[in-house]
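Alright, structures below, take your time with them.
Shared between the two complexes below is subunit A, which pairs with subunit B and subunit C, respectively.
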Partner chain A sequence: MSGSALTYAIVDGVLTGSVYALMATGLTLIFGVMDIINIAQGIFVVLGAYLSYAIQVHWGIDPFVGLLITIPTLFVVGIVVERAFMARLKGPEKTAMSILVTYAVSLLIEGSLNMIFSVNDVQINAWYVNQSFKLFGVYFAYIYVFGFIMAVVLLAALWALLYRTRFGASVRASLADQTAAALIGINVRRVATICFGIGTAVTAAGGMVFGATNAFNASSSYDLISRLLTIIVLGGMGSLGGALVASIGMVMLEDVVGVVWSPIWSTMTFFIVLVVVLSIRPQGLFGKQLARTA
Partner chain B sequence: MRLWSRVPWALGLVALALFPVVVTNPAYTTIGVFTLIYMACASSWNMFSGYTGYIALGSAVSYGVGAYTMALVSIHANMAPGAAMFWLAPLGGLIATVVALPIGAIALRVRRHTFVVITIAIFFVFQLTAINVGFTGSTSGLILPFISWNESYYNLPFYYVALGLVIFATALSALVRRSRFGLQMLAIRDDEDRALGLGVRTTAVKLTGFAFAQFTIGMAGALYAMFVGQIFPQFVFDPLFDVSIALMAFLGGLGTLAGPLLGALILESFQQWLTLSFSNSSLYLILFGALFLLVILFMPQGIVVFVRDRVTRRAAREKAAVAAAETTLAGSRA
Partner chain C sequence: MKRMSTVRVLAATTVAAASLITMAVASTASASSGGLAKGAPVNIGISLSLSGDFSADGQAFQRGYELWAKEQNAHGGLLGHKINLIIKSDSSSATQVVTNYQDLISQDHVQLVFGPFSSLLTVPAAQTAERYGYAMVEGAGGAPSVFQAHLSNVFDVSLPVANDLMPFAQWISSLPKSQRPTSAYYVTSNDPFTEPQLPVAQKIMSKAGIKSLGFTVFPAEVTDYTSIADKVAAAKAQVVVLGAVDVPTVSAFMQAFEQAHYNPKAFISTAGPDQGAAFLKAVGAKNASGMMVPNAWYGGSANPLSKTMVAAYIKQYGGNAAGINSDVAEAYSVGEVMTQAVQATGGFNNAKILAYLHSGKVLSSVQGPVKFNKLGENVDPTAFTFQWQGTKFVQVNPVGDPNSVKVLFPKPAWKS
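And now, the complex of A and B:
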């Protein structure tokens, strides 16, 4: 294996991995606060990508500027979905039910997107998608760097929100123990709704970069959600740091396997690593050990 | 079980057995065959996931393994196309069960929430492998020996074999439910740590239940392959299959005996009818998603429990009314 290929794998792992980290953070946040596995996260990413694509094609707005529209839009979509469906889920089968409900939401959106945009692949286009620069002997389109910067800025903003504000303290308290958080006067319901909104809003940004670096259609969501789920399980469900580490690590590994072996098998590596890690550490890399049946 | 509670079962069985006699249109008997296949799968899925509360979303692995057993053996053994191929179904079920053992051993190391996700991940490993290796025919699929039965009765043997599969799955599920093993699974669903504390060997019980449940699903997959005559990795290892049978069980009533059967009967026939009536698959996705949401939100316990609650509540009200009347009567006599 050549040195430049390895360099490529590492650089791409960091650049693309950080975008995945953004999307995975949303998913793990929703799980941690609400015990909800949001299967619709994949289609939300695709929805974000289509929104960016549509406002660029119809209104001529640059996708990065367009985030000012798409991020709030998906935040509202998240709030609506949470209020309409998630808030009704209760009882011991809540997590299992949440998978089915979000899957249904996902089917609804997939059908609608197919009707509006057809099933033909599209890709977001801009000068930074077409032009590339050389880094350590490897060419990268500018979008990878811009996407990376955007992901870092948003992750930092999210971090500041969670660790430097009063609201963030409520979120972290809810992550640690929902009952205890409710007992000390935190409105866990409201925290949950806002977290679902935030978890969905980040997909607008992730989706835009995904849509610029890949040709996509509505069924791209299956591939996305299976990767994102793998990442959050690997990082430890509900662990924000775990999602970050697992995203970068997995994308890097996928690239390395793609280079040394074959791109066909690189996606499978994703799942094999998951199976291996979980056989050794069932709670994931940074997950909490569960004392009781959860 | 009291006699009257067996009446609906007998009526249901008679109705299913007579269906292809009354409705002879092959388009509808085809829907019948698919519906029965899904009923058997949902019932079998429920025997593990419904009883233990461990929601498995990777059942398509067993379905696909069963389908490929049927396809590969019948092709490579140069089998004469015909009824003899039905005997490959139990083999498909057996292989699916054996494959499920290591999968279960890994996936069952974790508790509920993570289990769901791991079953999905393992499913994708199988799907990708099936698409990428040569012997599955890759994306162009495999063509099974062509069965040249007359078109007007082609569906009948499949229909009755599938009905047999449904009866088998339901009987097995009923037997397990009343056995010590079934009670252990229910104990795990209610409180796994306490069950462990009381001496239930939880890991062994879960693994056995998981592997057992795959047998019927594997047979159903084999039957499906023989019925449609050509299989593709992406259709026999289908994520929609995983979610569909789980939804069927939820719709009818998770953990109940009749629930998954009823759920599959309603959903699969509806789904097949939608496909038949609307060529527009996007509209179909929207309708299916909407139905799906309505069901889960308004009948979260499933139809069987919903109806049973209504009936017991009415019975309780009547009983209370009678008791009140008797008290009044007794009071007036005194």
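And now, the complex of A and C:
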């Protein structure tokens, strides 16, 4: 194993992990505020990828510029899905039922995408998708670097929204205790709807990078959702910082193990780490309590 | 004493139940054996991966089966019975495929069954069909694991995959020393279709002095191939042999290689480039040039049966010959082989069909001749290597074959 291969594995882990963080953040935000496990997050990522692909192919709009269209579009999709399906879930079975309902939503969107785009794989193309530049003897792919910058900017914006605005205070209050938040006059229902919209909107950005780095079809969502769920369990359900750390940590660990040892053991090694962490901290790395006060 | 009698009662009940089940199954089989009323359609049950990991291949297979049924119906169906395909989706799941074939046989009472997509699903599918005495003619279950299951009812009309890469390996090994690559990297998904192919090529190429710089196996469910591809690129081998089952895998490796400014002299993938227009669309027409893939069929085949099918396909779905996914031909071949078996046996009796297919008769298909050994492998087909040259998909191996054109070697630079 050469040193350059290990360097690439670490660089790939950080760059790719940040994009997964973006996708996982939406998932954990939705769970934190609404106690909903959104199985449809994977298909939302793919939907974001298809939207970027479609506006590039049909309107010639660069995928990054196209985010100005796709992010609001996914936000609206999220709001609609929340109002149509999630708002109706109530009672102690809400979390369990949310798995079934969001799975149904996922199947509905998957079927629609298959009808519109067919099952043949497509990939987003732009000048920076396959190109790279050399720095300190290492090739950096533009798409991953741009994706990393975009993820950092969007995560910073999300952080600012949550920690520097009145709405963010409402969200954090709802994250901490929905009943108490309602008692002090916060419209928890409205906060939940907007959070679902935000959680869905960030998949537009993650999906765009995913679609530029992978050939994909609607079925690509299955592998994505399992990975995203694992990330938020490791990071701590409901923890935004946990999602970020777990995403980068997970992808980097897998990449390094794949290069140093064998890709066959990458996933298993990650799960060993997951089991060890959960046995020590059942709430994950940055459990719910920490996230709600951070 | 009382305990003994209870056991006896239970045993007797079990035997009686087993007899009833056997009779019921036998009656189902006999119902499917040719007692079709005049004018009644012949129902053929198929489980396909219309969603999930194999959905692109599954839907291409669906087109192949439906095209065959349409063409056959236009010529009077099977023994005068109109063909009715009952297709159930298995979501690429080995559990669902079993349920589907059980339902097709025991509830839908289909007369015949055709195979699903992938070796992974063919084994459980064929095992289920075998329990009911049904022949499982299939086109995408050519991995050694399928035949190692020693099923008496499985018949793969396509090329057994183990030797797929032989023509490529033999060609590259036969190059003059001044042109012959000196190193190769082997990297494959841990899939029953891909994994057995690479050691065969590695053995031949190593004998010719082509040094192996690595042999890496990665899990089939990987979502990010970058670090694996970067590891291969860092080795800077002159040949890359990739065991991939689909377009996204090949596409990811091509993209990572280009980003790493690494362009091997020869790059072959076990699948992906054979998916016609779908491959070009994903990787870009310019970058496809030089990419190779082993197979037994391509759209430009001179086989008259293939030409007829290609014409029918283009009439139905549009496009051109190079854009046709080879899955279509594999599925179509299944229908052709079953047609010959039904016509030769004069009915839909699966026992007779099984005996006929085991008889060693040489049958014909769009992929070429078909002859099964006792394991159900097709022993007659020739392995070819195909290559994208610009937007043309051409046969390049075996060298000396009248339909082979000169290999584009070394592979052109990436042109994104």
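Convention: the second predicted complex is superposed on the first by the 276 of 294 C-alpha atoms of A that agree within 3 Å, B and C clash if a C-alpha of one lies under 4 Å from a C-alpha of the other, contacts with A are read in each partner's own complex, and residues count from 1 in each chain.
Methods note: a contact is a pair of C-beta atoms (placed from the backbone, for glycine too) under 8 Å apart; a residue touches a chain by one contact, two chains touch by 3 or more.
Keep in mind that what you see is a predicted model, and the values were worked out from it rather than measured.
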**Item:** Clash-or-fit label for the pair subunit B, subunit C on subunit A
**Value:** clash
**Prompt:** Touching A:73 in the superposition: subunit B (first), subunit C (second), both, neither?
**Reply:** neither
**Request:** Mind working out whether A:110 is in touch with subunit B, subunit C, both or neither, as first, second, both or neither?
**Result:** both
**Prompt:** So, A:215: does it touch subunit B (first), subunit C (second), both, or neither?
**Reply:** second
**Message:** Tell me the contact category for A:267 with respect to subunit B and subunit C: first, second, both or neither.
**Reply:** both
**Complete:** Superposed model, subunit B vs subunit C, clash-positive stretch out of 9-17, 81-89, 153-161 or 297-305 is 153-161
**Prompt:** Between subunit B and subunit C, which residues of subunit A are contacted by each of them?
**Reply:** 110-111, 114, 222, 264, 267
**Complete:** Interface with subunit B, subunit A side, in the complex: residues 31, 35, 37, 85, 88-89, 91-93, 95-97, 99-101, 103-108, 110-112, 114-115, 222, 226, 229-230, 232-233, 237, 264-265, 267-268, 271-272, 274-275, 278-279, 282-284, 290, 292-294
**Request:** Can you check the complex and tell me which residues of subunit A touch subunit C?
**Result:** 1-2, 4-5, 8-9, 12-13, 16, 110-111, 114, 118-123, 125, 127, 129-132, 139, 141, 144, 213-220, 222-224, 227, 251, 254-256, 258-259, 262-264, 266-267
**Message:** Quick check: in the complex, which residue numbers of subunit C touch subunit A?
**Reply:** 50-53, 55-56, 58-59, 92, 190, 216-219, 221-224, 226-228, 230-231, 234-235, 246-248, 251-252, 255-256, 258-261, 275, 277-278, 281-284, 287, 414, 416
**Residues of subunit B defined as touching subunit A within the complex** = 53, 55, 57, 106, 109-114, 116-118, 120-122, 124-125, 128-129, 132, 191-193, 239, 243, 246-247, 250, 254, 281-286, 288-290, 292-293, 296-297, 300
